[in-house]
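Presented below are the structures under discussion, each in the form of structure tokens.
Here come two complexes built around chain A, the first alongside chain B, the second alongside chain C.
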Partner chain A sequence: MSDFLRSYLTVAIFGLVGFALVGAFLGLGRLLRPDKPNLAKTEAYESGVDPTGDMWSQSNIRYYIFALLFVMFDVEAVFIFPWAARLEAYEIFGLIEMAIFIFILLLGLLYAWRKGVLKWV
Partner chain B sequence: MILAADPLYGGDLLGDILITLLKAGVAFTFLLVAVMLMIWFERKLISDMQNRIGPNIAGPWGIFQTLADGIKLFFKEDLVPENADRFVFKLAPYLALVPAFLVFAIVPLGGDFNRKDGSDGVVSIFGHDTFLQVADPPMGILFFLAMSSIAIYGIMLAGWGSGSKYPLLGAVRASAQMISYEAALGLAIAAVVLQTGSLSTHDMVIDQAAGGYGGIIPNWNIVVTGFVPFFVFFIAGTAELNRPPFDLVEAEQELVGGFHTEYSSIRFALFFLAEFMNTITMSAIMVLLFLGGPAGPALFFPEGWWIGTFWFFLKLMAFLFTFVWFRATLPRFRYDQLMDLGWKVLIPISLAWFLLLAGLRLGDDRDWTYNETLAFMVGCIITFALLGGLLIGAINTARAERVREEADRG
Partner chain C sequence: MLAQIETLPVNTPDVDWAGLLPLAILGVGAVVLVMFRSVVKRLPADIETQVVTLVGPITVLGMWVAGGYAGENVPLASVRDDVGEPAFYIGLLVVMGVAALLVRTMQIGLDAAVTAGVGLSAISAVWALWDDRFTSTGPFNAIGDQFGVDGFSLVITGVIASAVVLVAFLLDDYLRREELDGPEMYVLMLLSAAGGVVMAGANDLIVLFLGLETLSIAVYVMAAMHVRRSESQEAGLKYFVLGAFSSAFLLYGIAMVYGATGSTNLIDIRIFLDSVVLVDDGLLMAGFALLLVGLGFKVAAAPFHSWTPDVYQGAPTPVVAFMASAVKAAGFAALVRVFVVTFGGYSSDWQPAVYALALLTLVVGSVLAVVQRDAKRMLAYSSISHAGFILVGVQASSPEGTASVVFYAVAYTFLVIGSFGVLTVVSGRGDRATSLDDLDGLAARRPALALAFTIFLLAQAGVPLTTGFVAKFEVIGAAVEARSYWLAIAAMVTAVVSAFLYLRIVLSMYMGTAAENPADDGSRIHPAAALAIGVALVITLGFGIVPGPIDELARDAVPHLVAAG
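And now, the complex of A and B:
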């Protein structure tokens, strides 16, 4: 196995141990704790009054818009990181190209801003 | 470009596996003990700042308080709400805790990086040369970004799976907050990557250990990248952790407990654990990215493998203290202020700073003269001023529109 893959294997093993540890905690808890559920205990918590209406209520559309904006910047990170790691290989050409890319991105942000999506009401 | 693989790989397989397991074991133990102490440290420190005594019964100075709380939680009944999506409800604690663990794998915990013989932090454990970090994958720091994204799933699914109103509100709020700041976080890291020319965390430490200005100011990225990415990362990191002043996720007055309202017993403890573990790993990542990780200030040169660990812990403690200090001092943000700070301040600033750094870095690479560098900086400042003007224009237009709307309404 190459060195490259081995370091990931180590991470994978570390992750599996993490999962096992969480599992062990939960297993130990299961052995130790009492288990006597009744309706009063398992009802959804609403500050002590009886819960009303649908539990999966609708949420503000703005959260969704922020998620869309985030996708824009996350995709940008995909381009920026490899470029940043090998900047000297691309020289001035790369710098100007990246400047244009980021400018377009900022225009997108400005558009969203101008549209008032960033305004939280 | 530096590309140094862990010298451990390539030796005999059995030895490698044993050393890797040993390192993983040490890292695990360290994390769990550190979380325990961190919770105690936070409670004790915050009581001091609020003129209280804090935990003082369990053990000397109440140091076993966390352990006692943990044991108590094992004996508590574990309730699953009747409306809950049972699978998602039980999956969420895993998704919250395991990424917090995993990030720690890429943090260099020690090794003498300042030694002049070019050993670059390699230490010898039972005759095997290796780095003092669990793994050094080539995409290093991207792994941190990936894991912090997965942690958002843990919170979102916990809130959604609970089948209750408060957790759902808390979870939606949390994920919107965390993704907003993740963009700024990534851009601050990009500035460091630009400086190092590598994604590997070990290479980042090597890069920061070298040289320094006059042997007094160390060559740490906080100085080299010009402070702005550090502050952006610090603010975005605090928001990412949902720690005060960005703790809107579990604003008790509005949301009861936030996304973990319906969790009880050991499942709640796992979320709690994850939160503090994230605080520790985020501090460790900040030390790594901006304060040279285990590399000490170039001024002092005691030798030995332990010196890196010493510096690392000193810097880690400084950050942990600051986080508690924030909590004791700063009032919580309002949600619109939070979003404004993330999208309208941090992202534009870090993008502009990133471009400036890229230009300077390139100039450094091409041996620009003083005048050329100056011309570049002036050009940048003019561009930023133009963009800033555009921005202010946009703000004014928006404000005028709002005023008009309000006038129309009545």
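And now, the complex of A and C:
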């Protein structure tokens, strides 16, 4: 077996072990738990929203704004964590860079706030 | 493992701040504008007028400071030495007074005034960089080996900044007319321009991609900015979906080139390609193809042009002016830097593809334009055919070809902003009246505007004594020099075909009988819009009669890759 394939063997073993573990625990649960199904229990769980309905269902446009703001700060965190881990190496240069980055993001928040999108009418 | 990471040095690149100045001015201008407008939403009308008047002298000062910082000396130092210091500074004060007066007579809003001021300061920085740095020491790197400043990127930056200034003038009245007043459009335009500047100077494929995305994402939003017009929403969505798709192509192409050469840095790629003979160049060829698709989409080359007519027709007219000028110029800058400069050694491989693209773009652009009934749609197709002409210059893959691309980009920017500027005024409230019927009898209603439009259209057709003619002449000359005779002939034939379309618009303006147009109330043209159209007209005619200065500029604007050292 070539080195190339051997390295994928690890992946395959890892995958198999993963499937085996999930199967084992789900099977164990099935053996142990009482089983009394009803309509509400068998429905797919969808964050409390009705899982069936029209394809063109409408969702509140306000969720979109919050989702957007969430993504903004989520991405900020993605950049801040590696930066924080290496802050000593980046020294003052990195500090200023990050300050500029956060400033621009905060500016977006300021704009959204002044625009009134944070108000739940 | 952790200890190993700790010992890695962090390389902070050498930064030449003066070289970054045009980019910084555009970016910081956008940030400051949105910050100011977030804090102070609306000024009382009388205070706003005073503040706007102040923007004039502040712009003059900004241009002065930007020029002085970017260059070796204070701007116009030779004039100061000639007339002596007191007279010089009095002159400066007079200029500032004139600027204040000019801004006041233009009756322009604060956002537009600030945007124009930012654009003018960027132009001043570009001019100082060209005059004091580039001509004396040649091209140099601004950030490590990632972002370079050379004649090519400076001219394209100047073109983008000029587009910002002129489009800001057009937008001012338009946004008020359509009741869309707000700083958003201007901020997005400045951000987009900053992205274009990054694209023009990028020395790394990833930096290029960053610039392209900054440029595009802002323009997607700008296209959808007319919130009460469903066509505008449609245009924004279409442009966004197809644009995102083409960005993926570009990124995949970058990955392929990286796989083939081991670097995303254009300098390293060229050094690698010059020194190594690839036995199996399939990966590189696939990379070429995908890069060509991604960039071809941005410049609207057939067969990647299908978004153009819908987007140009639906988007707000001044935004179309920006799309057709700055976005296109940035796209061609990237195309030249990546293909002509970096992959120049492999030109025999990509030239046939660009040849086919250019031919197809020319034919599609000119033939499909003829059957349109809407002036905005016609000009959209004509912009496709102009992209074909510029591709003819790219295809030549020679210094002459690059010079002709630069000339065409400069000439076309002012041509197209003028043309869409006229349409902005004519389209009337709701931005709808752009069909040929609406243009019927424009000459009787608004003779000056009709005359200006006629000149712009004749210039687009390539009639002598306009920049359009010289641009087409140079491009075809470069094609002949590169022995692409059939392409040159095809370009000339399609120029004749599209002349029909321009003359059809002219005919409907002058021979049309409709005396009244409900959408066009015949009110006086807003002074700022008139100024923008006038400047475009003067440049189109002036440099058409005396093309020497731009021609020299284009010949000096050689793209360079400077190795870090």
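Rule of thumb we're sticking to: the second predicted complex is superposed on the first by the 64 of 121 C-alpha atoms of A that agree within 3 Å, B and C clash if a C-alpha of one lies under 4 Å from a C-alpha of the other, contacts with A are read in each partner's own complex, and residues count from 1 in each chain.
Convention: a contact is a pair of C-beta atoms (placed from the backbone, for glycine too) under 8 Å apart; a residue touches a chain by one contact, two chains touch by 3 or more.
Note that the coordinates shown come from a computational prediction; the quantities given were computed from them, not determined experimentally.
When the shared chain is aligned, chain B comes close enough to touch A:77, but chain C does not. Once the two complexes are overlaid on the shared chain, A:56 sits against chain B while remaining clear of chain C. Legend: residue contacts after superposition of the two complexes on their common chain; A:68 is shown touching neither chain B nor chain C.
In the overlay built on the shared chain, the residue A:6 is in contact with chain B alone; chain C does not reach it.
In the superposition on chain A, A:104 makes contact with chain C only, while chain B stays out of contact range.
With both structures placed on the common chain, the touch criterion links A:24 to neither chain B nor chain C.
Once the two complexes are overlaid on the shared chain, A:114 sits against chain B and chain C alike.
Once chain A of one complex is fitted onto chain A of the other, the partner contacts of A:93 are limited to chain C, with no touch recorded for chain B.
Residues 86, 110, 113-114 of chain A contact both chain B in one complex and chain C in the other. Interface residues of chain B facing chain A in the complex, by the touch rule stated above, are 1, 5-6, 9-10, 16, 20-21, 24, 27-28, 73-83, 93-94, 97-98, 101-102, 105-106, 134-138, 142-143, 145, 160, 162-166, 168-169, 172-173, 175-176, 179-180, 182-183, 186-187, 190-191, 193-194, 196-199, 256, 261-262, 265-267, 269-270, 335-336, 339-340, 343-344, 347-348, 351, 354-355, 358-359, 361-362, 365-366, 387, 390-391, 394, 397-398, 401.
Residue ranges of chain A in contact with chain B, taken from their complex: 3-4, 6-8, 10-11, 13-15, 17-19, 21-22, 25-26, 28-30, 32-37, 39, 41-47, 51, 55-57, 59-60, 62-63, 66-67, 69-70, 73-74, 77, 80-81, 84-88, 91-92, 95, 98-99, 102, 105-106, 109-110, 113-114, 116, 118-121. Chain contact summary for the complex, chain C toward chain A: residues 6, 8-10, 12, 31, 34-35, 38-39, 41. The residues of chain A lying in touch with chain C in their complex are 86, 89-90, 93-94, 104, 107, 110-111, 113-115.
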